[in-house]
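Next up: the structures, one after another.
In the two complexes below, subunit A is the common chain; its partner is subunit B in one and subunit C in the other.
Right after this comes the complex of A and B.
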């Protein structure tokens, strides 16, 4: 049991500490402080050294860079929720996390690196093909979120790396219709029981040029499969109905819920069905409810 | 309703201290040399303790067990019976049973020590569910049938009625565990002052705490002084449970001689505290060929957990409320409290009535479905009326105004139009429920067991002090009682004070339970105040007292459970409207309307606060408060992110009305109401959801995943 904690003054020191001591970063602490709590009046104890990084400006800021949205790993859910630069489903997911006090503290970096199958932000991020920028004393690399999320509570983060920022590529042309729904254990301050993010792009000819969907809390990791999505791409929107049964069965195949399988599978099915059938009717509003 | 001057809201006595955050709660107090403590608990549901392997204890640290009980003391906590042990000794009966108390100056060290203790068990086979308990899984451990009690009350001959019935409808309704989730967790500090033991404790019933530990400490009551600290919620969870903290603390103080604090963490409070009794209620209802109810055979089983505590009394209330607000010509109600290897079930707002009231309401809906009529039409035919014979062959003594209350709820909710428009299975539904709650202790308990007293003291400074053992726990009792006294004395409200009770200073007005405090203790204070008013011109201090007097003409036989189980009831009607999300099966509550008969409200704002809170708690019970228990790990949903209580987002604003129906033996006509308001919304909610999805629901709670399964497979 190591009880060391550090407060690096800059990124250079943080990366050095990461490399030399293996210290793990802690920012909002809304996962770590809870997971390692020891009760009233007792300081949490971590099984590894920690470094507090919430004071480092290098992890802050939401910016538009070359048409891509860059969100610093230390940005809080509240900052994301209110930023007009951030795509709608990510803002929605951020706005529905925990309570306001948690959203003021919890960071996107923590939510991504904690790699919980029930995490909220990675669902729309995965759907949006987000990439992560990781830094170490040896340099910087980028990795897709899809490759980063290895399994439940497992990521591709190396022992000497820190997550710097999350990059959301531009979507061109823009999605025609979007869906985001979180089913919590209650209507506020809730952990996700199931979530679904979906998007479809329809061109002027009525052809589906893109379709994506990702599911949270429906398996050991956030579920998304490009091959299944491609079943609906390149077809006239009017053909959706006939493709629907095969698509829904295939999508069901990528889910692997352990608890409440009937609920998670059938609700996902109904939500996708509803989203796609509503899209076929070409409503004026881009966000389908 | 007619405005009554007494009902006009005043500022609560505790409003400023609580809203401003200056109010001290138990964990805010510091005592010189105070030590901390942690409970060491059983990690198996049933077994023998083979060995307790302790890590070395640093200087100043102690491990207190049954071996430290003072000479002549008995390892028991005297609640209703003396079966609940202070410390496990030899065997353990449930996960969380107290084995010992670690005491020392540093909480971190205590935690490390606790984690370093290795207890070896010879594990037995536990029973967890009602069915396992009844089947004596692993062998009986209470008597030869695992039953703490088994009794039956008959009104007429149900066997004859069932035999000649045109048809018999059978039904089974189940309810789950429920956790109190009082904002303040359980907490106490014990210390010694001279030769006396002091317990500062967050609790409902200071005199109960004193009674529970006197035998353990081998001391007369007077040697143990209990001081209630401002209590941040209780809901019944601090009726008997504080005894579980007080016992080990006193044994430790006796040995160590320093003040010792025991405060549960939230997680600990959820995992290791008493809960509402799970229930199984079975009906055999006899109908004639015209659809009239001839009789009901009702079989009630409550899961009592590992010790009896107050389960027999809880069950009595459940049994006596089993026919709800309906006069059924012939009834038989059997009640059993089954022992299981779970944390003991105990008092919780409603005290056994909510389970059977839920069951009868749901069953009446099912009967209506069988008969093809609106549930409301069936229920209305059987409403209790003054003079009707109850299931215990006593009488309804109240002028029952359910029809007037129904009218209020119908008008506010638009029930008739909505019930007709929302087709079964349309995703929209409205439901309605009726309920009551017998005021104060069951039968002649107030007269034979409690014998409440109340005292008023006009001090030399002219301030009048209320000296009773009744406690404020957020429900507004300080305000209600002080208002009664100020009103009778005709003095300014701020000339009446009511401090947290200290058992060495106040009269034993009985426990703060059973919706009895305003109605019974308030009446005693009204009488004491009337006497003081007569003597008001006397110089100097005045002390007046009143003792409980049972009204004449309400016979009760506690040995046969025959007669007037309650002299009066509070009454309630609640309608709930829902929409079920077609995609996710989430239930969205669109409206909640209620009407209550509480006699006369002593303070309308306090009463409305109770109505709003009680209804939300009842809706949570039905909708989302899922609590599972496993043989290996005990309660599964123990943190606030897993045990789901509603937020203000989950249910809409309510419309709550009152009827004016004075109760002749209550202060200013008031009756009890704190529990009444919990007793019915759950059934209205389930009625509404059942209609919306056209599926009968026989078990609560129903989170969306459970509703999905039901809709797929049928109830």
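Right after this comes the complex of A and C.
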């Protein structure tokens, strides 16, 4: 008989169940348990078999490996926000998700695999060129987050795979200035209305050697475009002002907000303008507010 | 399909035979009689169903029983027997924080969770600490004052 739910005792069993039954993992359950709830006293019902994986230690742990930060798929937003190994924009995004009670349950694996264009963690992760490690009974593979997020609620996860960890490559030299902002409604239920993560690197000669920017909840996918970023790379920081209008128009072109498009477009423009203009003044502090 | 799930509830070992997908909230209220844990929204937004799991605040309407095996759960019924719980409940009563009372068990759990990590929070930190808990009656001011009162009176408890 095919069971409706499993509690695998280790990774091997979880991968075998995934392969043989197609069971979907429940990590924190904050997306799945809510989406499939049926009311007071009634057991939630899922259209496919599920397996509870929150107890598996193999999905836990935040480590530094060869200069890269490895975050287990089962790490909670709370564990991420308090970890000094994790890059600032990811910690910041984790700390602004829901209330403490949500952050104690919600995992990075669930946030990434749910593939909502409004999910918060993929925004800084995409900006940081994060990769994912996926495992199945046939082995392990890595894929960039950009390739993994195929579209709204669509990922490149195969039916026999589980996400093991998120890997954030080292940034060398470090970014000079960073920005993260999330515009939500009620804090504890702040499914993002809009978010923006940006970073710029300026060398000792005052040249911009790197610039990146990603937008959440501003279209069916998290928006990032290397060609648009390159409009500001390789120029003296003092030239930013004159490049700004063309850059802002090009960035606007990669956004595709459905609801309240003017608001999302103009807020994004103002945030980018503020971040870049502040960077030009070369403040001492690396995090721009 | 049912399974036996063992965990600690308010300091005692308990064992429940249930569907592993049944919500912890329903098991607490229906199977174990811990009706201090309330259900309002059922979707993680109001905090009425908050308990401590291994010391960390969580909303039980989103937790399947299969994820509770081996955990230590503290509900308001357990917290109120402790010195900290007594201090909080007295402060809530003295501070006039309770109107209909429905949100209060969750508020007290949130206050405990906050004070455990920050024994002397500012008003803003208190508001942040209870931001996952909705109250339809009080407008929050008296709840915030009461948590500050508990933090002053309970000097050394947290």
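In the analysis below, the second predicted complex is superposed on the first by the 283 of 289 C-alpha atoms of A that agree within 3 Å, B and C clash if a C-alpha of one lies under 4 Å from a C-alpha of the other, contacts with A are read in each partner's own complex, and residues count from 1 in each chain.
Note that in this section a residue touches a chain if its C-beta (ideal position, glycine included) is under 8 Å from a C-beta of that chain, and two chains touch if they have at least 3 such contacts.
A quick note: this is a predicted structure, and the numbers were derived from the prediction, not measured.
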item	value
Partner chain(s) touched by A:30 [first = subunit B, second = subunit C, both, neither]	second
Partner chain(s) touched by A:60 [first = subunit B, second = subunit C, both, neither]	neither
Superposition-derived comparison: subunit B or subunit C, residues of subunit A touched	C
Partner chain in contact with A:52 - subunit B first, subunit C second, else both or neither	second
Touched partner set for A:263, first subunit B, second subunit C, both or neither	first
First (subunit B), second (subunit C), both or neither touched by A:274	first
Which superposed partner A:39 touches (first subunit B, second subunit C, both, neither)	both
Common interface positions of subunit A, toward subunit B and toward subunit C	39-41, 43, 186-189
Subunit A residues touching subunit C - in the complex, by the definition given at the top	3-5, 7, 26, 28-30, 33-34, 37, 39-41, 43-46, 50, 52, 54-55, 78, 98-102, 104-105, 186-189
Subunit B residues within the subunit A interface of the complex	27, 36, 107-108, 111, 263, 265, 267-268, 582-586, 624, 641, 644, 646-650, 703-705, 708-709, 712
Contact set on subunit C toward subunit A in their complex	1, 3, 19-23, 26, 30, 39, 42-45, 47, 50, 53, 56-59, 61-64, 66-67, 69-70, 110, 113-114, 128-129, 131-133
Complex interface listing, subunit A residues touching subunit B	38-43, 181, 183, 185-191, 193-194, 260, 262-264, 266-267, 270-271, 274
